[in-house]
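Structure in structure tokens, see below.
Chain IDs A, B and C follow the sequence of writing; residue 1 opens each chain.
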Amino acid sequence: MMLPALLVLVLITVLPFIMLIAMSFAKVRLLGGVSLSMNGFGNWSDVLTDPATWHSWGVTLLFFVLAVGMEMIVGTVLALILNSMRRGQSLAFSLVLLPMFLAPITVGLLGNFLLDPTIGLYSWVMESLHLVGAHQSVFGSQTTAMLAVTTLDMWEWAPLVALIVLAGLTSVSPSVLEAASVDGAGYLRTLFSIVIPSILPVLLVALLVRSMDAVRYYDIVHITTGGGPANTTWVISLQLNEKVQATAVDGITTLIGQSAVIGITMLVFTIIIANVFVRVLDRRGLMK
Amino acid sequence: MDKTQTDTGMARRTVLSAGLGAGLGLAALGLAGCTPSAKTSGSGSGWKQFSGTTINFISENTAPSAAIAANSKPFEDLTGIKVNITQMALENLVQKVKLDMSGGTSQYHVVYADPYQVLAPLSQGLTDLNQFVNDKKYPPVEKGLADFIALDAAGRFESKSKLYALPYDCPTMIWMFRQDLFDKYKSKMQADLGFDPTPSGKITWEQYYQIADWFNKNAKADVPYGTGHQAKQHDSLQCDFSNVLWAYGADYFDVPDIGTVGSQNPGKSTLTTPQALDAAKFYDKLLKVAHPSSTTWDWDGLGNAFAAGQVAMCPNWHEYAATNEKSLPGKVGYSILPTGPKRSANNWGGTGIGINANAKGNEQGAAWLFVNWATSPATQVMTLKSAKGGGTPTRTSVYDMAEVKKAEKRPSDMPNMLTASAVLEAWKPENIGLRPKVATWNQLDTIVYTNLSKMIAGSQDPTTTMQAMASQFDKVNG
Amino acid sequence: MSNTIMTSPRTRRVASGLAIVAVLWSVIPLIWMLITAFKPQNAIRTSTPEFLFAPTLVNFQNLFSGGNSVGPFIVNSVIVSVVSTIIAVGLGVVAGYGLCHWKSRGKKDLAFWIISTRMAPIAAVIVPLFVMFRQVGLIDNLLGLIVAYLTFNLPFAIWLMSAFFAEVPPSLQEAAQIDGCNKWQAFRLVVVPTTIPGIIATAVLCLVFAWNDYAFASSFAGPSSQTLPMTAGSLITQTGVDWGQLCALGLITVLPMIVVGLAVRKHLATGLSMGAVTGE
């Protein structure tokens, strides 16, 4: 039964991946159809010895931890709030979900609009509350740019986490919770000793879903800070994109090969992270 | 027509102007003596031959393209050719054009060929337009190639034998300032600073800095900051810095004609000369008194901020005049940029449109008719008047038209023409600033603005910045 | 969602207060986008936010007029995202069922491989995919985008659906087979209907991902296959970002997704809970 889907999958994902690996060891000529000439480990050593690569990996890790971390925390809190509501839960839930339906490019543009130091609504609010100095843009300072970008990402994706977690919360056995309240445990204690452990698999699934996308999507960063200021938000996808952008058609280039190297390392990174989560799920006997 | 007879006795480093276009002091470079006779195109002479063809034009989101997209009917009526216009940000355009050309396909027949990001790296994917210019089958180029401003810079690469694009637009960086505020504070400023602050090419960059600083300290009630810059980590930062770099007598490379026809082998960079270091130090100092949001603005952000009254002056592309006149009618003045130790340098951002070499048969011919029509004087006047923002004509003859000349003064139905005196001054060879036209420019550009972004953020001092830039340049260019 | 934790009245009051904050946090940007879409230009570019203005449809009129009317782009977006979703979910349901019932030691590895194909960085696979697409004429072609979207939606659909099927008791199918159904009939008539919430949840998520794509569309689509999100790029003009039009476009782009998403919200929640708990 799996055959048709697997065939399609091989065709559209394995074939390009093989080509990607071939390009990572080659010099590429683009004009008149792509042609490769072998370059050994040249591209690999170029990329791996380039300090810019490691800088952007550092930025990426920070982005990953901040964005996914905030999404998990805020998403879980949203789910807990919604779960404890009696009236209006359905309406509140619908409204909270809305951001996840936006295109990332729209989120980036909306971020630019709301945080524009001249005409932005949120800039005006923050300035009125003296949270930022007059005429300062959160995208313009090295200390706040990363926070602003990850917050935008969180704004869009925390609702997805909330959706998954809420689904998990509803399936927590009521008797478990009753036992907890009889016990007279405080809210936080109940939360950490009973609720969180019982929704752990769901949390891990949410984490997995977000981890898959956090590294590869770059629409928001690209449209807001473009990697700046001073490279503080220059995530690895931008480094990859830059290599693809910069190639000249005339002549043979190693840039495409270098971009392939970066792409492969990104994939490996994501797979390792995902693998860790799946193993945790597995070890706890949570996976069927 | 063979154009390899390169020089018709012109100085090697002549830039934009060699011939003299009627009183304007500008004309196409290097074409004197080899232009086809300027005939006005009678309608019907070859315009209809590709009727029924559909062509695609890919363009950056520029004012003339917006104007043509909003009003392409005249072309369709004239030729019977349907033209689809796709507009996008320059970086996306570069990517799409590159993929299109490398694939041996021509999704896009007419290409907006930015000289630095498209023409130089992708010239092999563009058709030589001489074949059309010289073919009697096609309607002639009205008023001849000599009528074009900056033909070499916008249309050629490496040699003069081939013509890849016809000049389509030519935004140029000039000094925009709040005339009302300068009028109000002039005498006070003059008393405090000891010089006449009226913007002109006589003001030095050092004085520009002092004026900006003076506004910061003395005119908060009217305007939050004196100067603003397009200093986001973006192409725009390189554009803004280049004005200062050239004004200080430095350049990216020391190669003759690298700004006009360009070069495949620019050699070692010259970014560590004392002049270049001085330029970097000054730029760093200037950005310290600039509007703090400068580091988030590209040209759009800066244009908006200026129009919203956030800064009293800024260097920006002259096509923003249209926005200024909407938001601050009658309150904005224009001048060429200040002078450095060497000169006033005003970054030229013109672009040509060319034809994808993969385009076949009728598509090629139809594409040429579009290129010819879109760069014709009549179309350029149309875009100048468009409500979509107004074009930046690339024809000497357009600037000579009575109707256009009249628009240089308010009230003007062509707001971009209010900048005419500044722009025409900026285009003089001694004032123009031309980026190096090299195939690796996309990479070099990133190196420049990334390092500058670090410098103005304070994480790298000017000397280190220029040294880092130079060594990265030399690595890219082998 | 009847099951609530912590039901003391005080806790619930605090929760209501927090809920209001959460709702505001989520919707204010969207409301601002909605308002701006109906604002005239001069009410947008103000340093203090403008709340009183004469609403106008000019931003929408501009989007639908001229040489670049978004009308055809909406049609393209609908075709591309709906068709790719149908294919992804169709193949995904069958393959997910197969994966779920595949008895082999390599099952986990296969499952992980399937989902890992979704993790490839978009920017990296654009060049190889472009080369392949060109060979078979899929550039500037709606079919090309449909295929491109399968690269991320198909693995996702298989993965989710396999988790949903794991929830269906095997006895159900056995019972159907005893009643005279063959294996395929049992799957189609008995098993699949029980996973409808899961199928809907999967389909909606696939639809959202495809509809919102920007990177693939801006590389593979051309003048005859342009999609809605791509249009955003062409509104950032050199003579100023037209926020009114951008907000109108953002609104047009997100509305169908909101309508679809909220219409099946319950399925989305129950569907994901079924799958999520299994957590494959």
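One rule holds for everything that comes next: a residue touches a chain if its C-beta (ideal position, glycine included) is under 8 Å from a C-beta of that chain, and two chains touch if they have at least 3 such contacts.
Small disclaimer: the values here were computed from a predicted structure and weren't measured.
For the pairs A-C and A-B, the larger set of C-beta contacts lies at A-C.
Closest to the protein's overall CA centre, chain by chain, comes A. Chain B and chain C have centres, each the mean of its CA atoms, that are 41 Å apart. In terms of their C-alpha centroids, the spacing between chain A and chain C amounts to 16 Å. Mean C-alpha positions place chain A and chain B at a centre distance of 38 Å.
Across the assembly, chain A contributes residues 34, 118-119, 244 that each touch 2 or more other chains.
Contact of a single residue of chain B with at least two other chains is seen at positions 95, 103-104, 304, 308. Taken residue by residue, chain C touches two or more other chains at 45, 47, 127, 131, 233, 241, whereas all remaining positions touch fewer. If you check the complex, the residues on chain C that touch chain B are 45, 47, 66-68, 127, 130-131, 134, 139-140, 218-219, 222-224, 226, 230, 233-241. Residues of chain B touching chain C in their complex: 56, 60-63, 66, 69-70, 72, 84-89, 92, 95-96, 99, 103-105, 107-108, 171, 299-300, 303-304, 307-309, 317, 319-320, 322-323, 327, 388-390.
Partner chain C is touched in their complex by these residues of chain A: 1-2, 4-6, 8-9, 12-17, 19-20, 23, 34, 77-78, 80-86, 88-89, 92-106, 109-110, 112-114, 118-119, 121, 124, 155, 159, 163-164, 166-172, 174, 177, 181, 187, 190, 195, 201-202, 204-206, 212, 215-219, 237, 240-241, 244, 256, 259-260, 262-264, 266-267, 270-271, 274-275, 278, 281-282, 286-288.
Against chain A, in their complex, chain C makes its touches with residues 1-7, 11-12, 15-16, 18-19, 22-23, 25-30, 32-33, 36, 44-49, 91-92, 94-95, 97-99, 102, 108, 112, 114-129, 131-132, 147, 150-151, 154-155, 158, 166, 208, 211-215, 229, 232-233, 241, 243, 246-247, 250, 253-254, 257-258, 261-262, 265, 268-270, 272-273, 275-280. Residues of chain A that touch chain B in their complex: 30-34, 116-119, 133-137, 139-142, 225-232, 234, 242, 244-251, 255.
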